[in-house]
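As written, the chain order gives the labels A, B, C and D, with residue 1 at the start of each chain.
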Amino acid sequence: MEALIELIQYIVQNLINALQRGSFYAVISIGYSMVYGVLMLFNFAHGDIFMVATYIGFGIATLFLALFAGFIPGPLIFLATIVITMFLASWIGVFVEVAGYRPLRSAPRASAAITGLMIGIIFETSILILLGAKRLSFPPLMESIAYNVGGVYFTNVKVMIIIISLLLMLALHTFIQKTKWGMAMRAMSYDFLAVPLMGVSINVIAPLTFAVGAGLAAVAGILYGQAYPILDPYMGVIIGWKAFVAAILGGRGSIKGAALAGYLLGFIEIFVATIFPSTLRDLIAYSIILLILTYRPRGFFGMEHSTKLRL
Amino acid sequence: METARKFIKTFSNVPMLGWLIGFFAAVLIEYYWGYDYISYYLGLPKIPVLFGALIMLKEPIMIPGAIAYDLIVYVIPILFIAKVSIFFTNRVAAVLEKTPLWMSAIIHLAFFYGVLHLWAGINDYRVLIVKLTLISIILTISINVINGYQGEFSCSHPGFMAIGAYISSILTLYFFVNDKTFGTAVLSSELGPWLFPIALIAGGVAASLGSLLVAIPSFRTRGDYLAIISLAFMFIVKSAVENLNVIGGARGMGGQPDYAPLPIIFIWTILCIWVVHNFVTSIMGKALNAVRDDEAASESMTVKTRKTKMTAFMFGAFWAGIAGGLFAHVLAYINPGMFSINRLAEILAMVYFGGLNSIIGSIVGAISINVLGEALRPLELFKWIIIPLILILVMIFRPYGLISFKEINAKKLLRSKHKREQGA
Amino acid sequence: MSALLNVNKMTHYFGGLRAVYNYNLNIKPHQITGLIGPNGAGKTTIFNLITGVYTPTQGSITLENENIKGLETNEIAAKGLGRTFQNLALWRHMNVLDHIKMAHYSQLSYGLIGSFFNTTKCRQQETQIEENSYRLLELFDIKQHADQIVTNLPYGAQRRVEMARAMATNPKILFLDEPTAGMTPDELGQMIKIIRQVHQDFNVAIFLIEHRMKFVMELCQYIQTLVFGELIAEGPPEVIQNNPEVIEAYLGKEDLT
Amino acid sequence: MKKIACLVVVVFAFAMMFSTSAFSARKTIIRIGINAPMTGDIPKVGEGSKYAAMLWLEDIEKAGGLEVGGKKYEVDLVIEDNESKAESAVKANTKMITQDDVLAIIGPQSSKQAIPAGEVANKYKTVMISPWSTNPSTTLDRPYVFRGCFLDPFQGPVVANFITDEFGFSKAAVLYDVASDYPKGLAEVFKEAWEKKHGAGSIVAYQSFTTKDTDFSSQLTKIVKSGAEVLFTPQYYNEVPLIVRQAKDLGWKGPIVGSDSWGSAETVELCGESCYGLFFSTHYAAAGAKGATKEFIERYKANYGYVPDDVAALTWDALHLAQQAIQDAGKITGKIETDRTAVRNALAKIKNFAGITGNMTFTEEGDPIKCAVIVKINDKGEYEFYKSSCP
């Protein structure tokens, strides 16, 4: 009996861990997936957009805490940081689109992917030059309180991260489903060529998509700063590639798929390390992904599409 | 503009042999007078290693000296000798033209190697750069087979390279070296250099067998999903090696014997260029392009698409394995961290910079990125802003890379320029 | 004369959807057969079923009394079943000559090793194939385009490249999927001439899908009419022309004369 | 044609005129190479090495050059970035040795670059001192390669003994990075030493993650549930704060002990109060330092604004070792090969060198015999000397 309770505690504990990790992957990979769906491009700069957004968030948060801490309630500062960071970060997204991807509209997709990769390297190096080699510690925007409910440990920060991520995804879903812009994006991911004929310019939709993606990355960045408060210029690389995996695993242009794949990735990482010896984690986790794609070659919600690499 | 065109036209009747002789003369000048006279009087501390790029960026005050050095040692002698010697070189080229193409090519290559060896021999740093550049050429050509000719976006190349590097290192360490991982050598270490090609090929074959893990899913999966599969493959290889403590795990594996001097690497590079060139210009190899451009049409035209895809992956992986083996023996140390995302970004940059579907493009790409990476070393961090910017510009203005969809035409390259002048 | 290609009671479902039902076909050597029917009747599906892109749910397909059902498309093609596509399926980065050479793929016997090391056998075969390819180019009047990338060619020439490419596979039967789609009347006349010439010179049977009645009636010796995946009539042109069912179901009030 | 000839002549003449040192004889300059990771995974390590080297050069320049055999020579630093990559470190070493004619090389810092770079230095018979590489292979069978720190096989038992003596625990957990050679090696050594002391199975959780991971919750959950009394984590300064915080969030109550990789000033800066009261083994303790050590720390802090890491201190020591070896060699002949060998022989003979990180004498292999220090992070966030352990 005791053993059973302990097992349940163990599983619940890891479920919470996985939910938190998965939330980041989900939110970041949605941004990736949107660009992928609308423009059929790998936005390899997305991980670094996330990194820059986190640095912006760090700047805003530090500024606000220095100016207003004490006489403005904490949650308000938190909210303001998120909103302003989202706004600023979305311009980074627009910049990347206009400077890096727009000139390559008619180029092969692989070239655009390389451009993204290079923009990412430029971002990393620029941050390193501007801020030096020092790593930064993201200031806590809310006091972390640890709870112990029946042997399961969690903090209020963890709960908040999971809830905000879910709310964000819900909001995005509404945006995509209900608004004019969202519908244009959806249409674009169904048929890349037909939408411009309907009077919606790709030169409006594409930056918008990048902006929304970068905005999501900004929220993810601030939440990330709360959970893992160490910032360094290369922090976006691995998470970017993982978002790439999740976005494509979810199926082309499917927001739902990307979110699901993001959570799945989180679960795989946490539970593989739990069940197997943790040294084998990457080996097993990536083998699982390889197997999934071998047997489900279109991802989770992928549509049958005949696009090839435009080579 | 007009002057430049005229200037170039002046040299249109110089055959390849002429340029080689010019280069030879330049190297001789550098060899005999470079250190004692020319660089001394120009106030340079030593013979500038990469045409003065390093010294120019580090100490701007040396810029005039370095430029003058380049002019005196390279530009003027090469242009002068090449132009002056045409009466002779064109005739020799015409004679060579009558011999079989392979013979003419081998003579040219042997001469080229001799000059290169002399040039590199002035400074071991040059030797190292040339070695690593040649390995990069093999690597870039091999990924071009998959990403260019076959048109998949494969991210698994560092993985293939790792397999080749580890297998060949294990073989050479096990058989020819007394070391702490595998104990005493099984065979005499004198046999090592002779049997080294077998170890390399074993590495290549192992890499191509490993590539089946990516190739077989590619029957059902195309493009984007395959990119993920190949990425997963790369991580799997890295993680597997990390967990194998027998071969050093994350601590890496060192002490590989020095079986890869410059001539060996040069021969392997030429072999790679030759074999890949033969393959991609044959109908069998052009099937790769057919499958890339339209799979259904290829099937209907009797092309075995599955076999073709498998060939592309296995062939590309084989050469990546060879490159990995050479790389391991040049550095005499490998660890799994070397074959990860960073390496992938570098390989992708080289192939897309140089040009898809073109061997000559791959050569240009590999040389450019390698030399640029070395030459901009003194800029430290800013190097990683300038190189990406150059790549972005290339992508914008030449989306398929600098030289794409172009094959080497050895006959045209090596022919005498004499007759054409007369005919015109 | 025994049948060259025989399709017996072929039925195919896509998921739950019935695409083709109980389809029979019998092509004799050197015969030109036409398949007509309204859009979405399943004509191209029939092509794809016979050529092995899909494997039919039921029925049998034999080529010269040999079963070809369930084989890979490339194997079927190598057995002598050449085809063209409705929307040109050319290789965008390849020149015209390479298109024709590529279609000789099944005739290569030098193997991978041969191609790696450019063996004598490889060189001989490639030279021979190149000669053969030039002959075909000449025949289809596209020799002057040999070195051009195919996407830079005018539409009519691209169609001819596709035909030449299909003929290079050395087919016994040639499947033409709307060979005149998008052509001007001028080019149309030329195409009729080319098809006739191919039919004569290569001694092949032809099976074609077409929309233009005039074209079909002029060329074909035998015509099948397909509606919703089922044959409603077949016979020589005169019979089809006067079949009231065909006129009603497919041709409507169009004047045939 | 004429125009071009004119142009060439003009350019040439121009070049000659402006070449400042034209027609001047080549001076003998002592060049010291620094091979450090300025970019890549651990740029902070590169920065520390560079700053320490610059301080050293300042001293030399103030003295008007380095005096060898009664003659003063100009000293030049050649700082090369190894991008935290092995092949780049090899390239950098080859370049410095064959192109820049350095007399000695300081660096690379991490073992994964120091091992292959050491091969190059040894091949060209040039002294290389790696200040921070604790992997035994770096100096093994390489007469020209030295190091400035103790080795992993020494540090592991030191920590194991310390924990046993201090707390009396017998069940320990280890969390390390499987993809990085240093933590992996040290974790293995620690495990071996611990199990030798407390019997097999006394390491109740042996968990790993991969470089650049930021979430350790799954591993830490396992560790918490395993009933371990102490957690040993030989990780770098960027991972330590995350591990400590996440462990506390998941209900870890016991002490967490680290190794010399914790020794960066950034560890406590990033970690904050969560790290107060923790212990780690290292090369020197900044807080409460005396004498030369204190002087160095204060100068460094005044110049660059933060307390130097152990890397900086070790680099400083390595440079002074090189300096002393050069001076001991007696004279500079100008023939670089001869001078290098002379420096090597002098370096191997150095006994009881008084460095700021302790006294050093080299073994046959070129590894120094020196003491390890156990440091406690005190309530002010300073690294306070707690105990020292000598071989």
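We adopt the following convention: a contact is a pair of C-beta atoms (placed from the backbone, for glycine too) under 8 Å apart; a residue touches a chain by one contact, two chains touch by 3 or more.
This structure is a prediction, so every number in the text was calculated from the model and none was measured.
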Taking each chain's centre as the average of its Cα atoms, which chain lies closest to the overall Cα centroid? B
Measuring between mean CA coordinates, which chain is farthest from subunit C? D
Using CA atom averages as chain centres, what separation in Å is found between subunit A and subunit D? 36
Distance in whole angstrom between the CA centres of subunit A and subunit C is 49
Centroid of subunit B to centroid of subunit C, CA atoms only: how many Å? 45
Can you pull out the residues of subunit C that are in contact with at least two other chains? 93
Would you pick out the residues of subunit B that each touch at least 2 other chains? 238-239, 242-243, 292-293, 381, 384
For subunit D, residues contacting two or more additional chains: 38-39, 178, 210
Between which chains is there touch? A-B, A-D, B-C, B-D
Of subunit B, residues touching subunit C in the complex: 275, 278-279, 282-287, 289-290, 292-294, 296-305, 311, 357, 405
Would you pull the subunit B residues touching subunit A in the complex into a rising list? 147-148, 151-153, 213, 216-217, 220-225, 227-229, 231-233, 235-236, 238-240, 242-243, 292-293, 341, 345, 348-349, 352, 356, 381-382, 384-385, 387-389, 391-392, 395-396, 399-401
In the complex with subunit B, residue positions of subunit D that touch it: 1, 3-4, 8, 11-12, 14-24, 26, 38-39, 80-81, 85-87, 90-91, 94-95, 97-99, 101, 111-112, 115-116, 119, 124, 135, 137, 178-181, 184-185, 210-211
For the complex, give me every residue of subunit A touching subunit D. 6, 10, 13-14, 17-18, 20-21, 125, 128, 132-135, 137, 144, 146, 148, 153-155, 158, 227-230, 232, 234-235, 237-238, 269-271, 273-274, 278-279, 281-282
Within the complex, subunit B is touched by subunit A residues 36, 42, 100, 103-104, 106-115, 117-119, 121-122, 124-126, 128-129, 237-238, 241, 244-245, 248-249, 252, 279-283, 286-287, 289-290, 293-294, 297-299, 302, 307-309, 311
